[in-house]
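Notes to accompany the following structure.
Read from first to last, the chains carry the letters A, B, C and D; within each, the first residue is number 1.
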Amino acid sequence: MATVRVQQAVFDLGAESAALAAGRHDIGGMASFVGLCRADDGLAAMTLEHYPGMTERAIEAIAAEAEARWPLTGCTIIHRVGRLPPGEQIVLVLTASAHRAAALESCAFLIDWLKTRAPFWKREEFADGQERWVEAKAEDDAAAERWARG
Amino acid sequence: MATVRVQQAVFDLGAESAALAAGRHDIGGMASFVGLCRADDGLAAMTLEHYPGMTERAIEAIAAEAEARWPLTGCTIIHRVGRLPPGEQIVLVLTASAHRAAALESCAFLIDWLKTRAPFWKREEFADGQERWVEAKAEDDAAAERWARG
Amino acid sequence: MRILYFAWVRQKVGRAEEEVAPPPEVVDVAGLVEWLAAQSPGHADAFANRRTIRCAVNQEFARPDQPVRQGDEVAFFPPVTGG
Amino acid sequence: MRILYFAWVRQKVGRAEEEVAPPPEVVDVAGLVEWLAAQSPGHADAFANRRTIRCAVNQEFARPDQPVRQGDEVAFFPPVTGG
């Protein structure tokens, strides 16, 4: 059963990783991905909006899909919301398995699916006061699509 | 330039990750892999032997190959040696890039190549007193082979 | 029926949510979009380009032919950009 | 020439390293293996199955036809199993 959290607060990769491994001797590999806010093109901050209720359900469904595809011993997904300046963490995906390939592949799968299936929207603020909503990227759809079955 | 360490001491994923991101606003994603010692078949401990000098050179060469293939903003590789009971961390691979695919792919590449190109050897001790050297796995060669070019 | 709007759809409509009572001939998401688009200039603007709008019915992604009925929670938003 | 042994190769030879002075006809890794294998029963055992032994010359992986000369550091070990 995955741990899923949507929160404003920063997360702690080391603590989350330790929690997933605590007391277990059956984990051979843990993989993580942390998405961060880049200061591209004079970006001053990013604000993440989400759909409370649906977000958690959608992430839990994505995690359940990963657990069905790979033999995971644990999975943690944390996505931040609110206003985040450059350098701030946005999202954490953490997977653990007896085998490294399962941990690495499921981690890549989860972040690809999160990008296209979880109801979050990013608005960018720039140093000159301009604001704009980030547009969905075709490359993200393509990345998610490569995990399609059949 | 990658950070490469071969050490007996435990490492701290959170601290290493924070160090790689410190003061930077150009990182979009960080990927990590941590290999751990599993308690399979009554394993009491694993002892890692290495080739001092060559180990560091080999890991630096592997890291340089990753940096040539992907646009990384940072890379940290730590491999422990000595006696490690089940549950202990063995290896850390950490990569950072502007883009998530580069971070995720280079992380998978590095652990696959480390497994087949860095001079470490594992000896297993079992609860019944038996000891044996771990044999190289054909699946590890296959995993490393998929990154071959051309 | 409770309607929720997110991101620029919310900004264009001018509100985050509203309770609506569409007429009986509104039976699916496509019909609901047509009806909502006629409610105000802001609604019309938000739904001007149907292809850029996504929908969820009761917190599950939904296509235009998905049935909607009284009591449903229906959300409209742009393609997602999290992660 | 400095020879290093690791893992079960070290255990079979019975030492971690040794200084050797092979005759002039030993010019490459393959020749060095032949010569070393004749030095003791432990050496013979370690090199019994040539295909399971890997070699590095001056800390770079080397094939059987790699030249070796006085002053080189040559290491023999099983296929690596780190990570």
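Here, contacts are C-beta pairs under 8 Å (C-beta built on N, C-alpha and C of every residue); 3 or more make two chains touch, one makes a residue touch a chain.
What you see is a predicted model; the values in this text were computed from it and never measured.
Any chain bridging chain A and chain D, meaning touching each of them, is among B; the list is complete.
Touching chain B and chain C at once are the following chains: A.
Our note on geometry: chain A versus chain B, Cα centroid distance of 23 Å, whole angstroms. Centre-to-centre separation between chain B and chain D, using Cα means, comes to 26 Å.
Centre-to-centre, using mean CA coordinates, chain C is 73 Å away from chain D.
Chain contacts: chain A has residues 35, 100, 111 touching two or more partner chains. The multi-chain contact residues of chain D, meaning those touching 2 or more other chains, are 83. Applying the touch definition to all chain combinations yields A-B, A-C, B-D. Taken together, the chain A residues at the contact with chain B in this complex read 12-15, 17, 21, 23-39, 86-87, 98, 100-101, 103-104, 107-108, 111, 143.
Contact residues of chain A toward chain C in the complex are 35, 48-51, 53-54, 57-58, 79, 90-91, 111, 114-123, 133-136, 140.
For chain D in complex with chain B, the touching residues are 4, 6-8, 56, 59-61, 75, 77-83.
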